[in-house]
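Accompanying notes for the structure given below.
Naming follows writing order (A, B, C and D), and every chain is counted from residue 1.
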Amino acid sequence: MIVVLRHGCSKAEVQHVEKHLKELGFEPHTLWGVERTVIAAIGDDRVTTKEHLESVPGVERVMPILAPYKLASRELIPRTSEMPLGGPGPEVKPVANLVKIGGKKIAVIAGPCSVEDRGMILETAAAVKAAGACALRAGAFKPRTSPYQFQGLAEEGLEYLAEAREQTGLPIVTEVLTPADVPLVAKYADCLQVGTRNMQNFLLLRACGEIDRPILLKRGMSATIDEYLLAAEYILSGGNKKVLLCERGIRTFEQYVRNTFALAAIPALQEKTHLPVLADPSHGTGVRRFVAPMAKASVACGADGLLIEVHPDPEKAKTDGQQTLDFKEFAKLMQDMKAIAAAVDRSI
Amino acid sequence: MIVVLRHGCSKAEVQHVEKHLKELGFEPHTLWGVERTVIAAIGDDRVTTKEHLESVPGVERVMPILAPYKLASRELIPRTSEMPLGGPGPEVKPVANLVKIGGKKIAVIAGPCSVEDRGMILETAAAVKAAGACALRAGAFKPRTSPYQFQGLAEEGLEYLAEAREQTGLPIVTEVLTPADVPLVAKYADCLQVGTRNMQNFLLLRACGEIDRPILLKRGMSATIDEYLLAAEYILSGGNKKVLLCERGIRTFEQYVRNTFALAAIPALQEKTHLPVLADPSHGTGVRRFVAPMAKASVACGADGLLIEVHPDPEKAKTDGQQTLDFKEFAKLMQDMKAIAAAVDRSI
Amino acid sequence: MIVVLRHGCSKAEVQHVEKHLKELGFEPHTLWGVERTVIAAIGDDRVTTKEHLESVPGVERVMPILAPYKLASRELIPRTSEMPLGGPGPEVKPVANLVKIGGKKIAVIAGPCSVEDRGMILETAAAVKAAGACALRAGAFKPRTSPYQFQGLAEEGLEYLAEAREQTGLPIVTEVLTPADVPLVAKYADCLQVGTRNMQNFLLLRACGEIDRPILLKRGMSATIDEYLLAAEYILSGGNKKVLLCERGIRTFEQYVRNTFALAAIPALQEKTHLPVLADPSHGTGVRRFVAPMAKASVACGADGLLIEVHPDPEKAKTDGQQTLDFKEFAKLMQDMKAIAAAVDRSI
Amino acid sequence: MIVVLRHGCSKAEVQHVEKHLKELGFEPHTLWGVERTVIAAIGDDRVTTKEHLESVPGVERVMPILAPYKLASRELIPRTSEMPLGGPGPEVKPVANLVKIGGKKIAVIAGPCSVEDRGMILETAAAVKAAGACALRAGAFKPRTSPYQFQGLAEEGLEYLAEAREQTGLPIVTEVLTPADVPLVAKYADCLQVGTRNMQNFLLLRACGEIDRPILLKRGMSATIDEYLLAAEYILSGGNKKVLLCERGIRTFEQYVRNTFALAAIPALQEKTHLPVLADPSHGTGVRRFVAPMAKASVACGADGLLIEVHPDPEKAKTDGQQTLDFKEFAKLMQDMKAIAAAVDRSI
């Protein structure tokens, strides 16, 4: 850590800070400049926090040198880790052709926002498979902004999803909202999604760290990169090494879209972590007309996968219809993305 | 709702939208302008969502007229509701002089970020009481950005808090992180806090709606006013009518503070809801030197209460020391705030 | 406009608002709902402002129906306007093969952030031409955050740029900072750039509206889409019909990049305006390593052109070296973008 | 500066960076850590930029130690500088009781957004003086978002302002939009305002640096503290030592207010600079009902002055009526603020 001392701080204050740093296990190197004294504290930045040291008298500012996460870091594993979409658990049956994310093939995960009934989910599963999707995603437990909105079919929805997997062979991705539901969802799903509102639901992250299923952890809508990778670190440090990341739009002053799709986060994350990074242009924009251009942009800038909302009749969708493609639009987009993928030396 | 149709949309599209609105229970009034056709849909905006209608062909934009929340609305109760800080449960003993929030007296709730050990919490309870605080706040379950940081003492911390109430008579405010812990925390606490990261943890909100304790619901760090009041609505619609709100800083491009303290949210919330509105200048700024000026500003602009972090030795605090006052600073601030409160015709 | 009246406003207040709207030339249609009265005011929204009407007693909120700009609107010209990069002025010599922006061919405009000396600009011009760029961009007048930084070569820089055009045939794009300099810059440049910090320098926009040269108007770093198109409207309404837009990153809470590159603004702008829309991945990210992926993403999502910073030796660049490509990186990127352009049925 | 090198960078790269730093005049101290090598570069941070050094191979990140501004810094003058509101120029007549800003007395500057005609400005000047304001503020040159809006009376407006000064003795504060107008505005005004959209109009700042009138420089709506103080530095480094700062709201995701009033910027600026810091609760919120509470909050947190919009009939105002007080509201607010000022040991 670099500890910048206040302008004009006394020698006693400097010594007090040095002592404090030594007690924390750092080796302090004090550099006396004309306008500022700076202490370079050699050691593991993660034993303390920037904020803690900034409460020590005489300290103006603390600048960490090292990233606060370890297991998620690309310094630990200097290439993208390939993650299988599925686990060896007793309940989830092995999928014949195991889907992997993080390699040359870009994974397209598609499906409706919510499981609304048996018919629509089976119909959608068949359609997205035919168009080339590698996994089915739909929500049985729905986090909704208002208590008066549709909250999902719960376990009934999970059963329909399992049936869709049975029929199509597509692995299932679905959201879990609370630690108590992790075992239930893991019984049905190949991959559990932790949504944007739960990115810092730390007890849920811990519960996800204890199972053997890949976790699709979406970026919080105002999360920094460090906060995001620390959330992944909660899962990884619990023992579950399979975490997928996903940029899904951040909250900014912009109002013509539901979120600002921060696509540069994709190369930025890929530089800092070995975890695969997906893009969700449906939530990333919140506007159906922008899903296709931003899906193509996601492929062009190197996303390892995409999440795309597809519904038999978006106008009738119970949730998120305004950002959902119909089957024809999705099939067309898949074709268009294949051409882009080829241009960046990947496939879909 | 006002439904704006696309430039040049056909008569058939207009009729389709009208039919759709009637099916939802609205009475559509179509106004044919030169550049745009607009349908004023009279009825309850809350039966559908803006987003749903925007997925109907021919629709450009939907503008709701009514607020999406009901029970939190100041139209329901046209004055600030006074909320007792404590409940009638079998475990929490009745506090002799029941503290109420939302009246002329401004409630100051103070204490350390975390319960670190028995001694420090008893010492702090005594000190904040002596300085005039009306309740003690400290965390036993801590949501921490990194898995490598101190995570709180859990039930042991709750026991120390109960002892502090025993000794001082101050009601206890403490955070709950997950639905499964609600009964445990409610056994010890007079008021449960739902933190900023859990503002949209909807299952936690539902669990809080089922108990008879006031809930201090902090604003999410990127929550709009509507999202915030809908989160309160989850608790209220579950049957628990005691919700306290608290502005605690939002995430913006500013970096010289941990958060941007959006104080105008206080009069803005008071205009829209009958729930009392507190201010947290400690988290709202994240910088100890700015806590006192912003606490005074909070009183001046009409906050119904304050949350202030106080610790016997902030430099040694395990969490949030950089934004925490020591006893002397807190006592001085209490004096200063009393003068401001008098100037706005209130008391502390 | 839709005028929403306050809950419980009196009949006299409603009549007062109706009268006020009639005086402004609107035809008011009052709709009496149970919870709110709403007046649909038919007429030209642009004769007044939302803010003005919100100051009328009894009014809660005003929602405009029409966009506040006219000449920039895609409703006026329902396709992308092709803009020549150059004008017929007496000083700027006609470029043999006139470059046009807004058609199937994607325009790549490249060059260093600043003209630093004669040699480097001639060298860069030759290199970007060889790689396939269609225009040269470099600054002679530099807006710099600090008064202690390099401020540009001024007219000397313009002369070197003219020489570069002479040698390569590439049209020149360069920034103008103040109304008084518009004639001078127009004497040398084929296209004048108005930078992000000047997007709402309205007198500069007016001065640009009076000349016959295309204006490359960059988006302000916290400008909404409406504000941006109104800035274009200043130029268009002055009589200059040649305006090019450019997304260059917005200011958000994100810190791992200099700006958040809001790529969805490209399809969003193309839907609202007939003006061509470019992308600037150099400023849009501020990080050299992210320029190539985001340039490719820009092509994939439909940008009509790109602005890319290129320098013979970025490490030695006087300005913006951290986001600048060298010749080899640029040549490689041009090749890669050609493949993407083909995949979206365009060319470079 | 602290230069953090990339993980695993070579010894040759370290030496290259050391050499580069020496050439820039720094004395490099290299610290070899286990995970990162860090170079502490002792010298004046302002000779280069963070961005420049980040383009040197092997460099991961650069962290400046010193603030990039000098003349604006509180390290130069360790107390708030008192600034007279008026200059010794030949045209502006000396005001009998010279108003000073930056001392114990809090300056309230009030008036309409625009000078609309002679009558209203004389009437408003008399009213704000009667209520206790110390200066009159109104715009003759108006920066307007749309070219179709009222653009101000220009010199005619300045003449009315001069007449208002004649009648009331109040010094005049008015906005200047472009360098060419600085002499004209300085002929009439005691203090020139540079508005939020022009905070980085560097040629305007330079022109303001060459006159002998105080400059009221408003914070840009997405300006960081460093950018803001560097804008002040442009004026100060030109020789004009009289600069007043003003927080006026920033752009964030919040939509219930026109801007987010970032009041903590007041103590934050006061800690970093000796220039007086004002608050503008009218623009800071954009909502009339919030002006009074936020004005009181501004006094409570230590603002050296306030800017408040006042108009004889806000409903009829040509600009900004929705955030403007009438005479009665302003007189009431002045009384209320006096009580708060007394509580923080100041006066109005």
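The criterion applied here is as follows: a residue touches a chain if its C-beta (ideal position, glycine included) is under 8 Å from a C-beta of that chain, and two chains touch if they have at least 3 such contacts.
Remember, it's a predicted structure, so these values are computed and weren't measured experimentally.
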Joint neighbours of subunit B and subunit A, given as chain labels: C, D
Furthest chain, CA centroid comparison against subunit A: D
Equivalent interface positions on subunit C and subunit D, same or different at half: same
Centre-to-centre distance between subunit D and subunit A (centres being mean Cα positions), rounded to whole Å: 40
For subunit C paired with subunit D, centre-to-centre distance based on mean C-alpha positions, whole Å: 27
Averaged-CA centre spacing for the pair subunit D and subunit B, given as whole angstrom: 32
Shared interface positions of subunit D, touching two or more other chains: 222, 251-253, 255
Contact set on subunit B toward subunit D in their complex: 222, 224-225, 250, 252-257, 260-268, 271, 284-285, 287, 289-290, 293-294, 296-302, 336, 339-340, 342-344
Subunit A residues touching subunit B - in the complex, by the definition given at the top: 46, 49, 51-52, 54-57, 68-69, 143-149, 177-180, 197-198, 200-204, 206, 221-222, 227, 230, 233-234, 237-238, 251, 258, 286, 288, 314-315, 317, 320-324
Residues of subunit C defined as touching subunit B within the complex: 2, 4, 7, 29, 31, 33, 35-36, 38, 40, 42, 63, 65-66, 75, 251-253, 255
